[in-house]
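So that we are looking at the same thing, I have put the structure below in structure tokens.
Letters A, B and C mark the chains in the order given here, with residues in each chain numbered from 1 onward.
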Amino acid sequence: MAAVTDLVVERGGRAGSAGRRRTNFVLFLGPAIALTFLFFVIPVLIDIAVSFTDLDRTLRITKFTAEQYQKVFEGDRRLPQVVGLTFVYAFGTLAVFNVTFGLVLALTTTSLNKISGGFFRGVWLLPRMSPSVLYILLWLWVINPSDVGLLNQFLTQVLGLAKPLDLLTGAPVALIIIANGFIGASLGMIIFTAAIRGIPEHLFYAAAVDGAGTLAKIRFITLPALRWPISFVTIYQTLSLLVSFEYILLLTKGGPFYDTTVYALYVYRRAFASGQYGYGAALALFLIVIGVAVALLGWRFFDLNRLLQRPRIEVH
Amino acid sequence: MAARARALRRTKAVTLYAFLISVSLPIILPYFWLVTIAFSAKTGVADTLVLWRSMGVFAPAVIAFWLAAMLAQNRRQLWLGLTAIALIAAIAFALLVGPDLHLRNFIFLVEPDFASVVRSRVGEVRGAIQFPSVWRAFGNSLLIAGSQTVIVLTVASLAAYYLSRFQFPARVAMLRSLLVLHAFPVLTLIVPMFLMLYWIGLLDTLFGVILVLVAFELPFAIFIMKGFFDAVPWDIEMSALTDGASRRQAFLRVVLPQVRNGLLAVAVFTFIRGWEEYIFVFTFLIRNTNWTMSLYMYYVRDDVMGVDYGVVSAVGVFYLVPSLILYLAAQRYLMQMSIGGVKG
Amino acid sequence: MDGLISGRKFNPLRGRIRAIVSGIDDMVLKLSEMRETVMGHWKGATVTLLIAALAGASWATLASRPAPAQNIVKFELWSRQDPSGPLRPANVVKAADRLNKQLEAEGSGKRVEVAVHESPAPGFDDDALQLLKVFGIGQAPDMFIAAHEWICAFQQEGLALKLDDYIAKYPQYFATIFPSLWQSVKCPEGTYGIPQDAEARMFFYNKKLLREAAYDNAFIDAMPARTLSGELTMDDVIDIGKRVISKTKAQYGILHRPNKGPDYIMAFQSYGNNFVDPGTGKLLLERDKLTAAFGWFERGVKEGVIPANNTAMEFDALRKAFYTGNAVFWMYGIWDLGTYAFPTYGLPKDEAAFFADWGWIAAPPAKKGGQAGSLTHPITYAVAARVSDPELAVRLLGRASDADLNTDHAVMTTHLGIKSEQLEDPRYANAWPLARATELLKITKFLPNNAQFGDLNAIIYTALQGVETGRLSGQQAADFVIDEATSSLKDIIVK
């Protein structure tokens, strides 16, 4: 490719270059900035403000108080359990499904021929692509505690189990980890597959000539190439798991009791089920801070140079 | 030596297939059950016999397909084998499963008060929930997902182009904050969002939901589009500009067509996201005058499931099909999206 | 590349505008030409039309009588979609017709129109919470149907209309309503609701299963009387359930509702929890009594009598379990007979045939010699405080409470009526479940009419779920309720 020189043109005309520059700025970036400001910055400010009030179901603020934070640190007996559960859930899903199983799926599907690999990848993308209400509906049918549930049918008729299982009551945390894991594994699978495809073929041939078996190939060629994607998926998905509760809400509603109420769902229950909006805002603030912190942490993993590539045309 | 290598390769392939099939089965079966029940269940019965019977037809058919693909020595044999298997499978299906198939579960498409009809079949007084017409919910979902997609595409491509091509003082800061926003946990903002919409007066309106969804999809969309814009070579634009085009014209006429793939990818994902949206709709739409497909599906399950699995699965199939179609159409673009510095 | 992009293409803006302008010019020219031709032909036609219109208008005004100025008052009624009460909103719609006829007879120009908004909430508690939110966002209905214990929650936030004056003004609608029912709609400041129905809640039981478990007929038939006299206790019910499960194929002993509601509060009341301090009207929580009540549920689950996942089961599954003979006791209410038992599950409608295989007992006392109880959960009509025409609204609801309309509702879904004259209606007399259930009214209690009771009930239900699924012991559940109540509600007295 021929070297491209920077193009700087001063154009005359009615508005002049500076004017056009400003119009362009407003035209191109204006809507995005406005929406982002309105829906990201302002809610955070509102959240901080509301967390210092006693806003409740009546949606009227009567006083400013720090009692919500007092409740968070002293009065709430559910909170430690909720926080603990959130970590168990987030790292459990991440470790077992999103990263590990995603990796396994990527490795196995890329070892097959293109069509079969594509077919299995397609199957594993199905949960992510289905509407959440539908996906959970299917899960509820599978784990139905009576004999109608698919899982119980399989267990009682094929494996010969005596009594049907009730996973919702017996193993709710495992249930939410698996249900979310199916969805999470697909993202890892896509990213790892893309990365594996990007590994030059000749490396594998060279390794084969040198006598490397499959496992050795994976260990010395594939995995090092996936180091960046693995860390990306880990950081990105940690954040998303810490914060998402849609599937959990639909599947278990946070129950039984508070067993599957992760932190984000706890905020939702407090705010919208019990009507304690002020308390919910205080709890949410911690989550926002953690979210921003992890997002900032994620910076270091991005190829900032490519992202900040200097534009080479100064024309307006 | 060569035979042993071949046998080894074959065992490897078989183990891989066995593993993949066994882990994929928990996903394939429920969806298969959904479709089967939608077309065969009767009121009050959650019938899985039909499921097993159709599995009994499909599973051998698929295995036979694979065997044919592996054993066929030339193209003609392959096609002959595939056609034969397909014919046998079709006949078996028609004989075993055919008589059970019917479209009665799709009653909700024509009869809004299907819940009462269904419950009256088991002798109950009337349905608990009076559903609106499913087409209204469908239309609302289409409206939400569609408007969200259009707005996101417009705003994101404009912003991404500017960030990709222009130099201005706050550029680096904006890109950095974009990274933070891209990874921002949006669901945490649901409580202040609720209050903000209430104070603006957009609570309980579709427009409020659309705006919230647009804003939350925006960082991701800008990110992806910027990746696509970055990949468009400078030359094209340079030529256009040296020919006297303004920046905006260059954008519209020359650069935008180049990122068509990106636009399609973002459009599809945004639409699917809006189609499945449940939490915001559930929280922000309070009077239930505006139903969306997600709410419809939720309440159908809540109300009718104990009585009629068939109708619930029929609604499920109806809800799933648009997502599936879009997903199949967009599959190609999935692998082309660049994420950060990793290009697929 | 250069050749593809010619210079002309990129100066189109001015040219384009010019083209558009000339296009518009052409259009205007053509339109004016058309106008000329059209005008020629149609001038005569226009004049004829005008004359015809004038003639028609004058004929219409001369021919018709002067009608009184009709003032249509539109009311929106918020109702919950409830298969056990479809006539609650329907009666109001019928009442609108009757009221309109009455208004016409009075010579008033007002007419009433009712639009029913139905909410899909799964229970009255969820519906009340939803409605409070709707009020909060300023989209309130004009009148609403709510469970009685939530009326004071609406009143406290100034959302409900005070009805005392209107009730006194229209004795023809309200004077014959049972006095005890008015207790359920009174808040400290006055009356804020009109009772719409009453019912009785009890423990249904399956006599067939008891016979299969080798209980003799004398024992089975004496159960209701023994409960009322205080001989049969809550623990006895657990024991009976346990014996039936071990001796028959029945899977469950005692089933209760799987969402928030009034029924399980019966058990709490048996253990002495009334939840209200009689002197101050504030919510009262007594730790030892709560522990005892939760302990009963804990024991029930431990003995395998109450299923651990009762709170996660579906209503349909629970009803099916009981009415098909898979459970012994069903802690629910009389209206289930008319809504589900008779039509869907084919239980015998004839009184003798029904009581041969089925029956019910009041909520047993906690200890021998104690007082048996029952729970009545009236649903009420209420009016929003900011309604445009309060008197008309109250009159409408008054007509909706007409004895015959109320009897329709009572007979169709087996609820108890609100007025004494309904007892003389032959349909009511023929509905033997109503008569038999009325006996329970002597010992029945209401839920407290405290504005915060609904929220307290939600906390109790969560704790109940915790106890049944084994996450909480009885003592821990009582502590949980007290902790949550004191931290999220106001003015709780704890003993």
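Brief remarks follow.
The criterion applied here is as follows: contacts are C-beta pairs under 8 Å (C-beta built on N, C-alpha and C of every residue); 3 or more make two chains touch, one makes a residue touch a chain.
All figures in this text were calculated on a predicted structure; none of them were measured in a lab.
Chain pair with the most C-beta contact pairs: A-B. Greatest centre-to-centre distance from chain B is found for C, with centres as Cα means. The geometric centre of chain B is 37 Å away from that of chain C, both derived from CA atoms. Per-chain Cα centroids separate chain A from chain C by 39 Å. Chain centres here are Cα averages; for chain A and chain B they lie 17 Å apart. Contact of a single residue of chain C with at least two other chains is seen at positions 133, 136-137, 317.
Among the residues of chain B, those touching two or more other chains are numbered 198, 235, 246. Counting partner chains per residue, chain A shows two or more touched chains at residues 59. Against chain B, the residues of chain A that register as touching in their complex are 1, 4, 7, 9, 11, 20-21, 24-25, 27-29, 31-33, 35-36, 38-40, 42-44, 46-47, 50, 55, 59, 108-109, 111-112, 116, 120, 122-127, 129-134, 137-142, 148, 150, 153, 182, 190-191, 193-195, 197-198, 214, 228-229, 232, 235-236, 239-240, 242-246, 249-250, 264, 267-268, 271-272, 277, 280-281, 284, 287-288, 291-292, 294-296, 298-299, 301-303, 306-316. Residues of chain A that touch chain C in their complex: 57-59, 71, 75-77, 145-146, 166, 168-169, 255-259, 273-276.
Remark: chain B residues 12-13, 16-17, 19-20, 24, 26-31, 33-34, 46, 48, 154-156, 158-159, 161-168, 171-172, 174-176, 179-196, 198, 211-212, 214-216, 218-219, 222, 226, 230, 233-235, 237-238, 241-242, 246-248, 272, 275-276, 278-279, 283, 293-294, 297-298, 301, 309, 312, 316, 319-320, 323-324, 327, 331, 334-335, 339-344 touch chain A in the complex. Of all residues in chain B, only 119, 122-130, 198, 203-204, 235-236, 239-240, 243-246, 249, 286-289, 299, 302-303, 305-307 touch chain C in the complex they form.
Those residues of chain C lying in contact with chain A across their complex are 129, 132-133, 136-137, 157, 308-309, 311-313, 317, 455, 458, 462, 465-466, 469, 471-472, 480, 483, 487-488.
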